[in-house]
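Two complexes come next, and they have one chain in common, subunit A, joined by subunit B in the first and subunit C in the second.
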Partner chain A sequence: MLKKIFIKYLLLLSLVFLATTSVNAEELAPLLAELQQAAAETETLSSPFVQEKYLQIFSEKLISNGQFAYQKPDRLRWELLTPVASGFILRGDQGERWNSLSQKQEKFSVKSDPIMGMIAQQLLAWARVDLDWLQSRYRMEVSSVTPIVLTLYPLDQGEATFIDHLNIQFSTDRRHVSEVLMVEQGGDSTLLRFIDAQVNIELAADTFQVPEL
Partner chain B sequence: MLRIISVLLLLGLVSCVSATPPQQFPDNCRAEASVAQLLAENWLDQTGIWRLRQVTLLEVGHKKIPLEGFLRLDLAKGEARLVAMNEMGLVLFDLLVTEDDQQLQRAIPQLRQVKGLSLGIAQSLRWIFLQPRPQTDDQLTTRDNIQQLRRELPGGSLAFNYDCRRDLRNIRFLADGGDWRVAYDQYRQFGSSRLPELIIMNDFQHGVKLSLWIREVKQER
Partner chain C sequence: MGLITLCYRRFQRRRGWLLLLLLILLALASWKISQLQIEESISAMLPDGKSLVAHDFQLLQQAPFARQLVIHLRADPEIDSHDLLVATDQLRLALPAELFKGPLSGPGEMTTSPLFNQLGQYLPVLVNAEDLQQIAAQLEPEEIDQHLAADLAQLLQPQGMVLKETIRRDPLQLEGLVLQKLSSLNPIPEVRLQDGHFLSRDGHSSLILADTPISMTDAVGSKALLDAFAVACQQLPDGIQANLISGHAYTLANAQTIQKDMKLVLLVSGMGILLLFFLFLRSIRALFVYLLPLFSMAMALVVTAAWFKPLSGITVGFGAVLLGITIDFGLHVYFALRYGRCQQGREQLLCAVSRPVLFGALTTLAAFAVLLSSALPGQRQLAIFAMAGIVTALLLALLVLPHFIGPNKENGASSLRQLRRHVYDRIPSLRIAVLLIWLGVVGFAAVQAQDLKINAELRQLSYLPPALQQAEQALGETWGNMRSRALVFASAPDLEGALELNEDIWRKLQGHGMLKDIVSLAPLLPSQQTQQQNLHAWRTLWQERQATVRDLLQLTGQKYGFADNAFDPFWERLNEPERLVTPELLERWGLEKALNNLLLKNDQGYQLLTLIPDQADLIQQLGEDFADLPGITLVSQRRFSQQLSYEIGADFSRFITLAGVAVLVLLVLLFRRIPEVLLALLPVLTGVLVMFGGMGWLGLEMNLFNVVASILIIGLGVDYGIFMVCHGQQEEHLASSRAILISGLTTLIGFGALVLAKHPALHSIGLTVLLGISAAVPTAVLVIPAFRPKRH
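Let's turn to the complex of A and B:
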């Protein structure tokens, strides 16, 4: 009797798994096309964000606040306001970062600083929904349709040594990313929540300039 | 520490670190605590477990490296565990430091290749939070608003300087094997203890300065 129940349970589980996989595969292409179409209409983005860092070994959540801006095709501003004023500007594959502690500004390129490069390219890819770039770097799955949540697994071995996966959630109007969850190997994670994002507003002229320190 | 400094020397980063401003001691009271009181009232000489969120600036020559960190400090065990992150929250390294050892729990590949990294950071953390500590047989001297507990060592001495509020304000080590100072400033009350919100460590021998601003404090129960 128990054996029969177990076999039935296994069959049911397999069917659920197959159904889910099939839905993912079928839904991914039109969803991505829809996201790309919506993103193509985005000229600028501006949003405050909250960064929640979860440290598993300490069961501790660290909260930071900041401001994000993007301008088509490849300009970014990522600025932390707390706990320490710092951030970077990206123009194409060239960047400049600053930190109020060091009172220093320093230039970097995506090639010369692989960590900053990876972070900057990711932010840019999320902002402009660059699915070609994301698909070249990650295996993608649909975790949810409403709201759209994509789960990304790194293909690069180096990146996979410290990033387990990313969850990218889109806004209800599908025009921009509303949340990013980066789960590291070992269980730590970083959740970025973009709050009150404004699409296609006119950005201040100095948005992509490094601030005076 | 020597090895990481050597690497930086080879990279041409040698120069003086930024100057450390002189400490201001309160002068509206007289220092008159006993050795036992100085030891009993200082947070580092108690047995609590603290969780400290901090921002840090490491200076080696002209090179300035800002980091965000989270430190769990178990004073009963004499153990500190530091997780350092970049501005995106990505963990750069996770280091466990005891009074006489250190273990790098994890680090990004680029940092894993830096020889002497864990040794250098562990030594700084040890001086700031764990070792050496004042002892009951240290010699106490009092001068107006400052008190000092002092111990003679081969080639020099070790001194713990307190202000008239009984806060530990600096540790000065100048003897065989080292020339360093840790300054503790901007004390604030957290629960039943007073903790400094700014700590500056100078390793004069190797030209290294570590400034640490404590931004959040929690005590484990």
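Let's turn to the complex of A and C:
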């Protein structure tokens, strides 16, 4: 008797689970198509951002401000302005990073620096809303439709040892990412909020150049 | 000589039995030859025993990459390095596993190796006194402030997530010191790693390293290997080329070149000998003379194989050349019995000719007997081979050949000997002219011979195809000198002893400021004793500094917002129990390839290798440093070549001196008069001098093959001298000039044709024979009679 109840319970549980995923999958496909269509029109993107880091290594929340810029197809600028001016620019496979503390500038290649390669791919994927790439790397769930919030779970074992999940929130016009929450294994998290993002504006000529230190 | 006449009489009516006996012997020899084991290794031509050269040669074989297959892929400039690496992996997977063992295109993704997580744990046992000084400097307040600020900057960047735990464990970046020690394991100077692959600095070249079960001297196996490589390369995309650099490519190129050369040489010499036959011999019976060297060679092979196991392929090759001497004996007997003139008949002619034949053979035997004392095992094999062949040829020429030559066909009017004698008698100035020309040639050769150099570079003995040379040059230019470094061996019965010696070598190199481009295990695998000493020094430092540094780290950390427990993993690590680095640990870290290359185990114990640049000044300096240190051996390709050159030179000088003395003694015994002895020596001295002078004039260097081929000149030259002087002394007309002329022409056509060969070894033999015989024959047939006309 107990066995029968247990089997019925399992069956019910499976049906509920299947129903949830099918709803999610049904929701996801048109949403993704819509996001991709909107992002396809993005040529440039420029946005100040606020980064909030909740790390156990620090005694309190660390807030920093920075500037993000993207130009189709593969140019990036990631710059922290406070508390330590530092950042990197990326032009295709080649990049350059700087640090005002050490007064160092150094070139790198995303192919020879696997960590920078992974970061560059992530940032480019968010900026381009490259959902094909994101889907190949993450299991996606729709956490909210208005605004659109996708929750991403890494499929790659190596990445999963660092990242538990990502929440990506899109702007109301759905043309760009407005917030990224990255939750690490162990509970540390980083929240990036892109404020006043400007789409398809003309970027300054030196946007993808290393600043004078 | 009476014995020979007696034998002639005995066998005269039993020719059938004699022929049957010969055929049985030939059949037995053929069966034995089919069972022969031939060793195809150059080591037979290197000094053996306890010589430094033999020792160095053995050690040089243990150099990393010396036996490995190196595949060098090169991409056109427009091709992305990522695409090159994809093609590299495709090629690696396409290589057949039975021929390419363990192909490696790089160390793999090192980021996933436990090495980087665990290496820091071994910092206390790996830091030496200099490292500790650096660490002490990093513990000053300003340094700590700078490091923590840098840590903060890193953590704020996106990559901070990945680096977080590393920063907690090592906020002062002390592990960098131990990471630097990994660079001493890199045997490829110009390499960088990308996606776990070997990539050149310019990003346009990659490498695949592999082992193979195919022996480097196996031409058939080498062909299979290179064919398989060519098939695997077919799938490479346009713009990417791959070259296989290994001894196999040279083996195959050499084998193919020799095959092509032999076709050409056999065609030319075959046609030449045929022409000679129709011009001078014109008798089917003369064929017996040409069969004589073949039969002698077969018997020589059987005798030598019974003596030495396995038989050196080089001995067989050279031996076949040297037994060209034996045609002389047959030709002299043939011409004497066929065209000689004597009132007492055939038996007297045989008796007369047997004297110079016997002495010619004895002098040649004496010359080869000297080779028995050679330091080169191949030369000693060669001595036995040649002596067995000469004895066989002598017996055949004197006991068997006379029965198959046919009747005497003396034709005095057309005799070259008579014609020349008449010419000298009729035109005395011609004699003077011949002598002046001879003197001029000898003088010129003597001057030019002073420029002759000995080249013992083993590679010069092989055919080096330009394409392979270019591939090897490109490999060196792209990756640095990875295949020809000097080696320093630290040997001891136990691992600990070998590791201590290895450290001594490292310290010595450090003392000379020569740590650039050095490959050694010493920094990463010190002896247990050194590790304990390092650990003790490390603990002493921290006992003194721990409290201060802890306060400083906490205070400075607070300034940058770090939590009080942020660096707990750092302090926990300081208090961890001791861990020592062992070879097993290096294997677990994925460094087994480096370990296998640099740590060798044999019956005598352990050997550790240090690779250093093969620079003359460095080798000289280190040679002096290590001379008095037991257990340390320095081996350099450069020094090996110099030593080999010296040994070959010394061996050749000894051979020339002893052979000269032996020949001189025999000539004195034979002729008992100094003028005759000197006359008999004229062809050989002229031949050798012209050979040396000719090579010096042409800017050629004397190599191992010239040395051996010159023995042929000496053997034939002495024979020519003996025959011509005997001819001058004896009343019988033995047609010696004609025999010498035919012998010389046969040798020139048969072996001089080798000068057309592309392979340096064959070409060297051909050139030596061409120069030497071209001088010895005219000296014998023109100069000796000019000095001493035949008595009547």
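Quick note on the criterion: the second predicted complex is superposed on the first by the 189 of 213 C-alpha atoms of A that agree within 3 Å, B and C clash if a C-alpha of one lies under 4 Å from a C-alpha of the other, contacts with A are read in each partner's own complex, and residues count from 1 in each chain.
What we mean here is this: contacts are C-beta pairs under 8 Å (C-beta built on N, C-alpha and C of every residue); 3 or more make two chains touch, one makes a residue touch a chain.
Remember, it's a predicted structure, so these values are computed and weren't measured experimentally.
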{"item": "Partner chain in contact with A:S59 - subunit B first, subunit C second, else both or neither", "value": "second"}
{"item": "Which of subunit B and subunit C A:K107 touches, first, second, both or neither", "value": "neither"}
{"item": "Which superposed partner A:R91 touches (first subunit B, second subunit C, both, neither)", "value": "neither"}
{"item": "Which of subunit B and subunit C A:R139 touches, first, second, both or neither", "value": "neither"}
{"item": "Subunit B versus subunit C as contact partner of A:N99, first or second or both or neither", "value": "both"}
{"item": "Residues of subunit A that lie at the interface with subunit B and also at the interface with subunit C", "value": "51, 53, 55, 57-58, 60, 62, 64, 78, 80, 83-84, 86-88, 99, 101-102, 114-115, 119, 158, 162, 182, 184, 188, 190"}
{"item": "Residue ranges of subunit C in contact with subunit A within the complex", "value": "80-82, 111-112, 146, 149-150, 152-153, 155-164, 167-168, 192-195, 199, 558, 561-564, 566"}
{"item": "Subunit A to subunit B touching residues, read off their complex", "value": "51, 53, 55, 57-58, 60, 62, 64, 78, 80, 83-84, 86-88, 99, 101-104, 114-115, 119, 158, 161-162, 182, 184, 186, 188, 190"}
{"item": "Residues of subunit A that touch subunit C when the two form their complex", "value": "51, 53, 55-60, 62, 64, 78, 80, 83-84, 86-88, 93, 99, 101-102, 109, 111-112, 114-116, 119, 122-123, 158, 162-163, 182, 184, 188, 190"}
{"item": "Residues of subunit B touching subunit A in the complex", "value": "51, 53, 55-57, 64-66, 68, 70, 72, 81, 83, 85-91, 94, 106, 108-110, 211, 213, 215-216"}
